[in-house]
Amino acid sequence: MEYLQFIIILLFSPLIQGMIKKIKARMQGRVGPGIFQTYYDLIRLMRKEMVISDVTSWIFKATPYIVFTSTIAAAMITPVLTTKGPFGIMGDVIALIYILATGRFFMALAGLDAGTAFGGEGSSREMAVAILVEPMMMLSIFTAAISVGSTNIARIAEAQNMVYSPSHLLALSAFVVAIIAETGRIPVDNPDTHLELTMIHEGMLLEYSGRYLALMEWAHYMKQMLLFTLGMDIFFPVGIHQGTTFAGLGISCVIYFLKMGFMAVLMAAIESTRAKLRFFQLPSLLGGAFVLACLSLLTYIMMGR
Amino acid sequence: MMKNWIQAFSVVDFISVGILLTAVAMNAVKRLESCVKIYTLNSWLLASLIAVVALMVGGEPHLYAAAAATLLGKGILIPMFLRRVVRQMKVTHDVEPYISNALSLAISGTLVAVVYASLREGIFVSGFSKNVLQISIAVILIGLFVMITRRKALTQVIGLLFMENGLFLAGFSLTYGMPVIIELGVLFDMLMGVIILGIFAVQIKRAFASSNLDNLTILKG
Amino acid sequence: MYPEKFLSIGVLCFLLGSVVCLLPLQRTKTYSFILSAAGALNFAVFGLFLCFGLPLTLSPLPISSVFELLFSGDGISGFFVIIISLVAFSVSLFSMGYTREMNHRGLMGFLFNGFILTMYAVLISGNIITFLISWETMSVVSYFLVTLDRGEESSKAGLVYAIMTHIGTAFIVAAFLVLYRYTGHMDFAGIKGASMQLPTGIRSAVFLLFLTGFGTKAGIIPLHTWLPMAHPAAPSNISSLMSGVMIKTGIYGMVRVNMDLLGQGAEWWGITLIVIGAVSSILGVLYALMEHDMKRLLAYHSVENIGIILLGMGASMMFMSNGLYSLAAIALTAGLYHTLNHAVFKGLLFLGAGSVVHGTHTKNMEDMGGLIKTMPYTGFFFLVGSVSICALPPFNGFVSEWLTFQSLLLGFESPSVISKIISPLGGAALALTGALAASCFVKAFGISFLGMPRSHHAENVKESSPSMLVGMAVLALFCLLFGLFPGMVIAIIAPAVFSLTGVPGMSPGITLISISETAASLSPAGILIAIAVMSVATVAFLFSVGGRGKSRYGDSWDCGMPSLTPRMQYTATAFTKPIRMIFKRIYLPKRELSVSYLLKPFFVKSITYSGEITPFFERYLYEPGTRLIHGIAGKVRLLQSGSLHLYLGYILVTLIVLLIFGS
């Protein structure tokens, strides 16, 4: 049973996306799409004919598979319901970040492959945002890893300590900003529009259609749920099961979905109450988050916890 | 029971880190009203820290008085006065720093690191006092740094007020509250100083049509 | 018995290879490269023997009454010998096709074989004299290789290179002189034995002198300025050797003297290396991002990777000075692993760049595009190199950067506060350079190979010749193998680590590394298998939901305008504009925009845009330095007045002074 815990991320990520959309709509006074609408969209895309630009090369065709499967591989490493998952030996949190970076690398290449200005812009901005986010995310994860003495995600989740310490809280705030940047939500990027001035992630996907687009979108939702899970595992692992008993897994499952619901509400709230920042204001926001991460490290050094 | 709850959730640590955070955040704001708001938050956190320590230590009622005095003086009266001064300024409400916000954030971060690194060994107190002492010295240094790198007179005043908060916190961590008389005296001095500085700021503005302290260099012999 | 046999056959191959080139026949030139490839193989086996067998010392060859040549090798030398052999083998195969149409082919083959031989000599030197002779010969031969095509650009580059490398050699000579003066030994074994008695001030001084000297060869900031000039000016197979291997001799020097000969040092040695490593890696990749000359971009990336190697080595030295030997072993493994990886993937990238430049006759990325369709194999190998250098799984760069991260995190265990703060910040710096490098290679690969051709240079291009492709394929294969089987590499590094730290290092499985102190583990092969299995599952799933999947080909989305031209694509300069803006305090960019109108302000005739970034180190460090030296030289020139009487007067004064002070 613990072999299959990554299937949860695979199957339920469109549901989480649907939930965020619905909550956002309600907060903005609209009715909004149903929470299962994302599933219908994905299936519909998989059945449609694809239009492929003849400027593109094999990289365009390979990228959806690479992005999709690398996100699944990253999900395998993460403890979802239990910390005794067997795939944790394949890698730790640093490996997870770099596996996600592989997906981003190929997405950026695919953006340039079609020879359009949209793709180039999306790729260029995505890599620039990554440059700002990576050090901050690494530093906040390092603070947690240092306190446990390991970068193994299962080990960090098992330690269950320091939930209530100030350095943890600062690192968590920095990590939430990192999640917003990586999943392309307001105030970093607008996931709802396709105007060239406001899209980063959508710019790279513009040429995709049909089943390739379905794979890329699904991978995006999986990455979102994966980052939520990672944040919860590192900073708030209360309630995760540490064995493989069926009852334990069941309880852990309920708690897990409560946590995911909380994250969905948080994201929707942030999106509904903020405006998207101009691209060149992003260094200020992400730099401020970096300072938060540095302060969390310094506080840990000073206080010892 | 309350004591155990406070200890379990390390409330004291949270509040002291919050004080540090507001001091660092002072470098990141762009408008004068936000500066005053951050100072208000800082003072409220300071007052609550004193109250929590009073709860934990128990049996020292003058600490409650000190908390109340801090809240009233620094948390309510001084910010009210500062807001009035800001309203009278009327024109630009931007903080005008000499160096960019990003760089000053980086420098204050480095200041915090330097303080932690240097005060690691050889302090004669330990535990809660050591943490708060390190934070208070960091706040003093950041307040001084803010005074150095801002142009407007009002931001200098706020920097000075941060320094005073830091000094008070340092004294508090070492002695669990200075005798009440001295504290009241210091507070009164502070209030007078702020009122006078505030009046001066408005006067400078009226005389030079800007509160930019660079213009004071005209007053050379 | 056996190791010496391989050594002598290898040397013989290279010597024969050089001599053969001097014959006027055309066909013999190819033989010289085959001979050098064979020689490299022999040396590889020799290196393996050194790693797993006992250290080897040949009998000394006296060359004068005082000095003698001594060659000796141990685990450290063996590891670096293997690195050189791998790259030299592949570059030799590549050169067979690459040099076919070159002008000075004979000279190239002669110098090529000699160059590789001198690098081996540096690695297996056993005493000061041998080391210095080999070092100097290596520098001289590489100077001739850089200026091979006699052009103006390469002459200037060669001059700067010669000056910088001799400045570095001067520091090395000074440091060796100090060592000899205080220990009385010429041979490395003797110095190692006597080094613990040196006074602390002398040891620190020697450390700094060696750091500057070897750092010039390795290319750390701010001693790096010759790298982006010399490496692009040389022919691409030589650039590959220089960037992949020659700068590693600088790293070898640092490892040999600072860790082996000087033994345990103070803590600030390690911290200095970490800081220099972090600064070099960030600044190196920042400048690489702004280049649109493909070879200059790769040269700046070498600066970055040397910085990453120094991060690992500095962490190791810091641990050793605190007595944490098992952690030092992990950090040293990380540094040495990255040395091997960088040699392999940088060699591959330069060969790829050489192949591209050979086919398109331009070095400027802004003129390329769409090459993946006309040069598919070169594109694939360049992609493998790019993915490796960006440290993406499952290739080799990922493993060594992961190990470097782990060792920096472990830095928190050391007692002093400074190392507790610097180590995680070093980790953040490493994360930053990883992201910057990824951005740089998306640009380098994407703009050159993808999209539509941007100029006529990139339009009618043929794929490179088979020998060039085979050379690249060998290195690409090693990139994958070293990533999937890290246990193999760590086993080769283990003897070197043991001799330096006294700890056998990590004992990994074949495809799995785990660090027991932190319970973190990594298995790139596992990740690859997971990805492969999931890909099959995905294809099956898509088939079941959507059927066979129809697709048709059309134009790229153009907003309904008439068809897109290649000029509407993103350019390399445009791609890096956000990064230029974010880091503008470091770049200090300037730009000029001039618009000419047919009818102001509505009808624009043409827009000219030019931009540049400030070359910080050249303008603020080197140019004032050169001006100062010119000034001093001008003053000294007054001594040379040309008058015979004045010269006689100088002789008289000197004789009098000698008389007074000699008695």
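The chains carry the letters A, B and C, assigned in the order they are written, with residues numbered from 1 in each.
Convention: contacts are C-beta pairs under 8 Å (C-beta built on N, C-alpha and C of every residue); 3 or more make two chains touch, one makes a residue touch a chain.
Just so you know, these numbers come straight off a predicted model, no measurement behind them.
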| item | value |
| --- | --- |
| Chain pair with the most C-beta contacts | A-C |
| Farthest-lying chain, centroid of Cα atoms versus that of subunit A | B |
| Chain centre separation (subunit A, subunit B; CA means) in Å | 38 |
| Approximate Å spacing (C-alpha centroids) for the pair subunit B, subunit C | 51 |
| Whole-Å gap between the CA centroids of subunit A and subunit C | 35 |
| Multi-chain contact residues (two or more partners), subunit A | 283, 294, 298, 301 |
| Residues within subunit B bordering two or more other chains | 113, 116 |
| Shared interface positions of subunit C, touching two or more other chains | 417, 421 |
| Contact set on subunit B toward subunit C in their complex | 113, 116-117, 120 |
| Residue numbers on subunit C that touch subunit A, as the complex places them | 369-370, 372-373, 383, 387, 390-393, 398, 401-402, 405-406, 409, 412, 417, 420-421, 424-425, 427-429, 431-432, 434-436, 438-439, 441-442, 445-447, 449-452, 512, 514, 517-523, 526-527, 530-532, 534-535, 538-539, 542, 545-547, 549-558, 564, 566, 568-570, 574-579, 581-582 |
| Footprint of subunit C on subunit A - complex, ascending | 43, 46-59, 65-66, 68-70, 72-73, 76, 87, 89-92, 94-95, 98-99, 101-102, 104-105, 108-109, 112-121, 123-125, 127-128, 130-139, 142-143, 145-146, 149-152, 155, 206-207, 210-211, 215, 279-280, 283, 293-294, 297-298, 301 |
| Complex interface listing, subunit B residues touching subunit A | 8-10, 13-14, 16-18, 20-21, 24, 28, 101-102, 105-106, 109, 112-113, 116, 131, 134 |
| In the complex with subunit B, residue positions of subunit A that touch it | 164-167, 169-170, 283-284, 287-288, 291, 294-295, 298-299, 301-303, 305 |
